[in-house]
Each structure stands twice: as C-alpha cells, then as structure tokens.
Amino acid sequence: MIDKTVPSLEAAVAGIRDGATVMIGGFGTAGMPVELIDALIATGARGLTIVNNNAGNADAGVAALIREKRVRRIVCSFPRQTDSWHFDRAWRAGELELELVPQGNLAERIRAAGAGIGAFYTPTGFGTRLAEGKETRVIDGRDYVLEHPIRADFALVKALRGDRWGNLVYRKTARNFGPIMAMAAECTIAQVDEVVALGDLDPEAIVTPGIFVRRVVAVPPRATQPAGTAAAARAT
Amino acid sequence: MKRYTHDQIAARVAADIPDGAYVNLGIGLPTRVANHLPRDREIVLHTENGLLGMGPAPPPGHEDPDVINAGKQPVTALPGASYFHHADSFAMMRGGHLDICVLGAFQVSARGDLANWHTGAPDAIPAVGGAMDLALGAKQVFVMMEHLTKDGRSKIVAALDYPVTALRCVSRIYTDLAVVDVTQGGLVVVDRVDGLAHAELERLTGVPLAAAR
Amino acid sequence: MIDKTVPSLEAAVAGIRDGATVMIGGFGTAGMPVELIDALIATGARGLTIVNNNAGNADAGVAALIREKRVRRIVCSFPRQTDSWHFDRAWRAGELELELVPQGNLAERIRAAGAGIGAFYTPTGFGTRLAEGKETRVIDGRDYVLEHPIRADFALVKALRGDRWGNLVYRKTARNFGPIMAMAAECTIAQVDEVVALGDLDPEAIVTPGIFVRRVVAVPPRATQPAGTAAAARAT
Amino acid sequence: MKRYTHDQIAARVAADIPDGAYVNLGIGLPTRVANHLPRDREIVLHTENGLLGMGPAPPPGHEDPDVINAGKQPVTALPGASYFHHADSFAMMRGGHLDICVLGAFQVSARGDLANWHTGAPDAIPAVGGAMDLALGAKQVFVMMEHLTKDGRSKIVAALDYPVTALRCVSRIYTDLAVVDVTQGGLVVVDRVDGLAHAELERLTGVPLAAAR
C-alpha cells in the first residue's frame, strides 16, 4: 500500500545532507513551508543551495536558514526586500553566492527540469546583464537566450490538503512555485494543513498529482497566522 | 506650467485601457492605476504570482495572507478570478496574452529600451523579480515615470545609462510633463501639460521629439 | 463588460478563412468539439491546416472535415486507426500532407507556442526518422532534438462549463489537448455543455483561465452520446 | 519445451512490478498486465491521455466516453486519481517520473534500441502516438513480445531492421521463451521456459546471450 504520509516534521526532512540543493516553495511568505524549513534547520545540514523566489523575509523560514548560515548559494529572482536583512548581511559579508534569475525564467527552468526538457530558448533577459555569456539565437526574427533546467535533490512545498498518494491542492496565491518545484526534485516533501482520505480530493481539481510527491506531513495551521504574512506583506 | 500629479498620470493611463483588456500593473507607481480604472469598463488584472481577476485591497482586518499581489500586498479576487502556478502565470505573460503592462522606469530610450530593475550602483543588492518578463510579456508596455530626475536630467534618453531590462519593448511613456509614443520613426508627443511648449519639452528631454499630428 | 459568449455555432466560427491553421482538441472523440467542426464545415473554408492528435474517427468531427476535402495539411501523432478511413483514403490519394509528431512533442510544441518559448530541446524522437534533418545537441550526456512551437490562427476546444470571461473546466480525460491549444491560438473558440454565471466556477479549479479564450458557445449535450464515443472507442 | 502464453508473460511482468510503482502499460499485449497485478500491491497506472490512477474497464453499460485509456478503450478512475492535460501528462513521462513502462515491440537490439512504431513498409500509413515518449519516459522500460517472428526469425537482433522508436531505452525483455536483461555488458538471460537449453535459446536468438548467475 502506498502511504506517503510521515508522522513528524523530523521524518519529513530526513536525509537532507550537507551540500544538497533544496527548492523551497513560496512567494514571499505565501506558500512558504515554514515548519519544514525549521525542521531542516534542526537537521544541521549546511552548505545548501536554495532555490526560492526570494531570499527570506524577516526572521522566519528562508531568512532563518540564512541567519543560521546553512546556505552556500541561493538561486532566486528577488532577494532584496525591505525585510531581507539576513540575506542582505550575508551577501554583503560574502557568505553566500547569488544566482539571480528573472522570475519567469526561474519558473520555466524549474518546469523544464520536471518535464525532461534539455534546454529552451526564452526571450526574457536577452540583451541584459543576466544573459551575459549565455548562448543566444534569433528565431523568426526575435532574439532568444538559451536557458537550462534547474533540478533539485529536495523540494519543500506547502499545500492546503494532501492524501496518502501525495496528491495536493493549494490555497489561492500560495500555489505559486509549489506545483513546479514538486516536479523538479528527486524527493518532494509537502507540508499540508490537512491530510484527507484517498478519494476526498476532486480528481478534476488536484493540482499536483501524487507521482511528484514523496512525503506528506500534516502541519495544522496555527490559530494566529505565522509571522510575516499579512502584516509583513503590507510592509514589503 | 502645471505638472501632472501621480494621480493624474495614473488616471491618464487608466483612460487609455480599453474595456475587456487584460492588464498587469507593475509594483510602485503603476499600482495606482487601479484606483482610476473607469467604472464602466471591465478590465481584468493579472498578478504574476498566480491570479487573474485581481480585485482591490480588502478592508482592514480582512486580509488573507494567501491572496497577495506581486508587491506582496493583500488584495482580493473578483468573481471570475482564477489561480495558477508560476510557470503558467509567466506563460501567460511571455506568450503575449496580456494586452497591456504598466511599468515604472529609471530610463527609457528613444527606441523603447527599458531600464527599471537595477540602479547600476556596484554595491546595490540586485533583484529582478518579474521585471524582465513583464517588459516583454504584453502586447503594449506603458511606462509611468517622472520626466526628469531630481537633478533635472531627462529620463528619456538616446541610449540607456542604467542596466537594460529589455530592448525595444516600450510602447508609450506617461510622465508628469507629457505622453510620448515610441514609434518606428522615433518618439512622438501625444500630449503635454498646459503651458509647456513643444520646443521646451524637447529641450528638457534632450532627444528629438515629433509632435503628434 | 466582457461577454465572450456567442449566440450560435455560426457566430462562434466566424472569420475562419481558407488556408487557416486550426487546432482541434480531443483525443480520438473524447473532447472533440464535433458541433464546432460541423459549423466550420458549414463555413466552406478550404485548404485548412489541422492540428489534432488524430486524423479523424469514423464519419464525424475531424473525419468529416477530411471527407469534405477541407484539409490541406494535418499535424498529428496518430492518424492511423481502425476507423480513420477518410484520412486513409485522402492520404493514399495524395490529397493531404501529413506532419507526424510524437505525441509528447506535439503537446510540448503547442504549449511552447502558448508560453512564448522560441524552441526547446526534447529527448523524444532522437535517432528516429521523425527527427531527420532536425538540429540535435548533447546536453549533460543525453541526446536531444530541437523542436519549434506550433501556433494556430484558431483553436476549437470542447469543455464542460464556461463563463462569460471565457474561464473553462473540462470533463475527465476529455481535457487532453484543450488547455494547451487554447493557449496557442490567436482566437480560441470553446464549445461548452453549459455556460454558468461569473463566479460559479471554483477559482482553484479553473483549468483554462479566460485570457486564453475569445468565444464561448453553449452546446448542450445530446440525450444520446454523439457517434464515435463509447461504442466507437471500443472498436478502435 | 513449453512456451509461455501471453497471460503467463503478462503475469511474469506483473510480478516484477513493485508495490507503489507508477506504471504505464502500452497499447496491445502490455494492457494485459493489468489483469495480473498482485492484489496485495498498490500500483498506480498512468495513461498518457491525462489520467493517473486508472482503474479497470467498467462493467458493460457503465462506459463513460470521457474516461478512456491511450487505446481509446473505456476505463475507470480509482479513488486518488487525477486528471491533467497532455503537456502535463507527457511532462510526467519525459521528466522520468514513471517507474516502469511496459511496451510491445517489433524488435529490440542487443543494446536496448527499440522498434515498435512502424513496420517500415513504404505504403504503410505512419502513426507514432506516444510510442517514442513512452520509450524514453520511464526509469525502466519492459518490452513484451514473441521471441520469434512467424517465420522463425529472432525479434532480438544485433541491430534494428525496423525504424527506430528510441535508442538504448529497453531494460528488460519478456518473451514467450525467456526473460532477458539488457545490461551494459550485453544481454543476460534471467529466465527461460522449461526444456529450453541456454545454448538452444542463444541459437534461436542469434545474438550472444549470457546466463544469469
């Protein structure tokens, strides 16, 4: 029988070793799997490459991972924010490498990894410093840059509900990078507000089919929202 | 002469958005356009973090941390809205499905090159977000900006000094002094503030400007 | 106000001219917009390029379009079926051109058109006669073929429900090519079993956001299923 | 010697599919594997026309024309099933997310090249469907076929005579005479029918075969 649910956050993140590449879902704090990140911090794994849209907000989640000096390299589109102080400090101190990727190329490169595409030509970034040194090509009179897939060893995503097969549905704009990161990692780990019985999710509305998910852990939402959501969002 | 206020610029942009248009409003000044959309037009707003049919900010106390815009501010979803993931959202953009994208800018060149993502300062922490995708990802790109920098230099330039966001992408520029179209034949002034002569606008801008016929 | 619904099948297919490229949804008969195809036949448009997974089943839909000699060229993955007699005859008579594309490349090329990707490297087809003359590349030790987008002037798709903004949901495996074809055409026309009020479709479960759809026409399902569904499916 | 029947071959393939595997069964002979999946294992079937969690054929009279498999036969969806569009379905395949794909074949070469989509006859109407994607799109590709053609030639060959479906893609071959692994070091016989000596199998096959240790 297939049962991808695991009993604890500790079990969920087991096996993430030093030097691993870890995708982390979320756009700012919406969809950020904060509890999985805390569990990752607790493992002590260092020298991580993190793929996320941002580079942390305030003191929780990806920001905490940077504060605890677990990150060697970050691949993201928008590190600088009003509350990205841990990233800002670490970057200025030269403690981490940054690969800056236009957001749509970031999304498409992650999807390409999940979809088995070897590389693709995108118009985004052509003629800019983010395409320096990259192969270009004119196709039908338009300029394109060749971009390659971004793969990961692990993906940590946050979803609303999941089942024992690993099927997931998300909540509103917290969907963001979850579905494509789930496709692009060897081992995708989902924290969900609620685990439901197999068959309870509408097969027409499942966003991430279970084939892309290895582990599911239930993390009931707290009565008060975690720091860095509505309030922090207004500030950024 | 009387410069356009930010709200006047926003209202002017809004007036140029037709009924039924799919529109992305960039972070900063462009966000203000939403407040001026004509009530008799149905305009569908896209936010690149995965929502089409974005509505206004919720009343205080009704914020949902999972319903935010690209600037990470709380918004709402209108009836008819849909949610999708980032690859689908940028496919929507890159695939040319949006009618209009409104963006802020540091500079726009006479041929429509856009600089709006990086000041070029060597110690600045870079961040690009969706800027490069947005600049390419709409049938028309409208730029909103002050016409001049604080020290009086034109932000409409012959060639960009700032790092490029995208080449030849801007359709129309809305400033506090004028509305300028980027055409194959060069820049064309569509409108200017009262009391500002064309010759004076051209002098301030520092690049050739044609007058609209 | 946005109202993409049109009152008739005739209005739905208006403007499809001789020589147009038309994508038609469906996998066999599941998801095939038979009534829209009948309306297209009624326009008299000739010399069409049709993009579909198959090349018609029995006597309805794409098969009827071929029978009526409206098709100059067909781009598909699986023309030969036990009931593809109209295609078989036309092809043997040299009346139409065939571009045969592996099914996954067909889907990805259609998506690429919709997503603004200039071209992409796919492993599928490498070393086969379907990749003859195409550019190849080794990426990370694996062989890939360069494939280009497939765009269309029109897409005809069948969905379950739609609203006046053009949002669509599909029915089960009839979803197949509809969502990607809707992205890849200048003008996407959807026939739906039912038009519902704006807001009645769950925003989390909308498969095709309205931005991809130009016209929606209600075609209530007939009491008996159209020819070439369950019964024909068993035969093929 | 007693050849394996089609059902015996299918049962043998089914026995090699582990609990929890994601599997695509190709059109034709491989479809039969579904009838032999061990009841104590939960195996998730994928059909490339957009369904994961495919169940058996419905009882007569309960067919749904919108729930079909890649062979366009009516099937069912199990609890836990999900529907998706073709680009997502083939992303699932091409991206290497399936554990096992079971395919029929005209020929398999000693290095694992597969021919199963085209007879090569010049007047044949070609049709490829998902054959090329399936051949590349799983961690393991199992082939099910008769060992010999009707006129006694081996379908396991040094080099393909038929048009290629995909190169170096086959992991294991199940025939009515034997089970043969395709390895870096060549073909290895895992199993053969009772009464068929290894040497005789090798003679019939016409390419070098190692015996499993």
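Read from first to last, the chains carry the letters A, B, C and D; within each, the first residue is number 1.
To be clear about the criterion, contacts are C-beta pairs under 8 Å (C-beta built on N, C-alpha and C of every residue); 3 or more make two chains touch, one makes a residue touch a chain.
Only a predicted model underlies this, so the values are computations on that prediction, with no experimental measurement involved.
Student: For the chain pairs C-D and B-C, which is connected through the larger number of C-beta pairs in contact?
Tutor: C-D
Student: Report, in whole Å, the distance between the mean C-alpha point of chain A and the mean C-alpha point of chain C.
Tutor: Going by mean C-alpha positions, chain A sits 33 Å from chain C.
Student: Per the centroid of Cα atoms for each chain, what is the distance between chain B and chain C, given in Å?
Tutor: 35
Student: Distance-wise, how many Å sit between the C-alpha centres of chain A and chain B, to the nearest whole number?
Tutor: 28
Student: If I count partner chains per residue in chain A, which residues reach a count of at least 2?
Tutor: 108, 111, 115-117, 122-123, 170-172, 203-204, 207
Student: Quick one: which residues in chain B touch 2 or more of the other chains?
Tutor: 77, 83-84, 87, 90-91, 93-94, 136-137
Student: What's the contact topology between the chains, one of line, ring, star, complete, other?
Tutor: Topology of touching chains reads as other, fitting no named class.
Student: Which chain pairs here would you call touching?
Tutor: Once each pair is checked, the touching ones are A-B, A-C, A-D, B-C, C-D.
Student: Touching chain D in the complex: which residues of chain C?
Tutor: 27-31, 53, 77-81, 84, 87-88, 91-92, 98, 100-108, 110-111, 122-130, 143, 170-180, 207, 225, 229-230, 233-234, 236
Student: Would you tell me which residues of chain C are touching chain A in their complex?
Tutor: Listed in rising order, the residues of chain C that touch chain A are 108, 112, 115-123, 137, 139-140, 142, 144, 148, 169-172, 202-205, 207.
Student: For the complex, give me every residue of chain D touching chain A.
Tutor: Counting only chain D, the residues touching chain A are 19-20, 22, 42, 44, 46, 52-53, 77, 79-84, 87, 90-98, 136-137.
Student: Could you pull out which chain D residues touch chain C in their complex?
Tutor: So the residues of chain D in touch with chain C come to 47-51, 63-68, 71-74, 77, 83-87, 89-91, 93-94, 118, 124-133, 136-137, 163-167.
Student: Tell me, which parts of chain C touch chain B in their complex?
Tutor: 1-2, 111, 113-117, 163-165, 167, 183, 198-199, 201, 203-204, 206, 209-212
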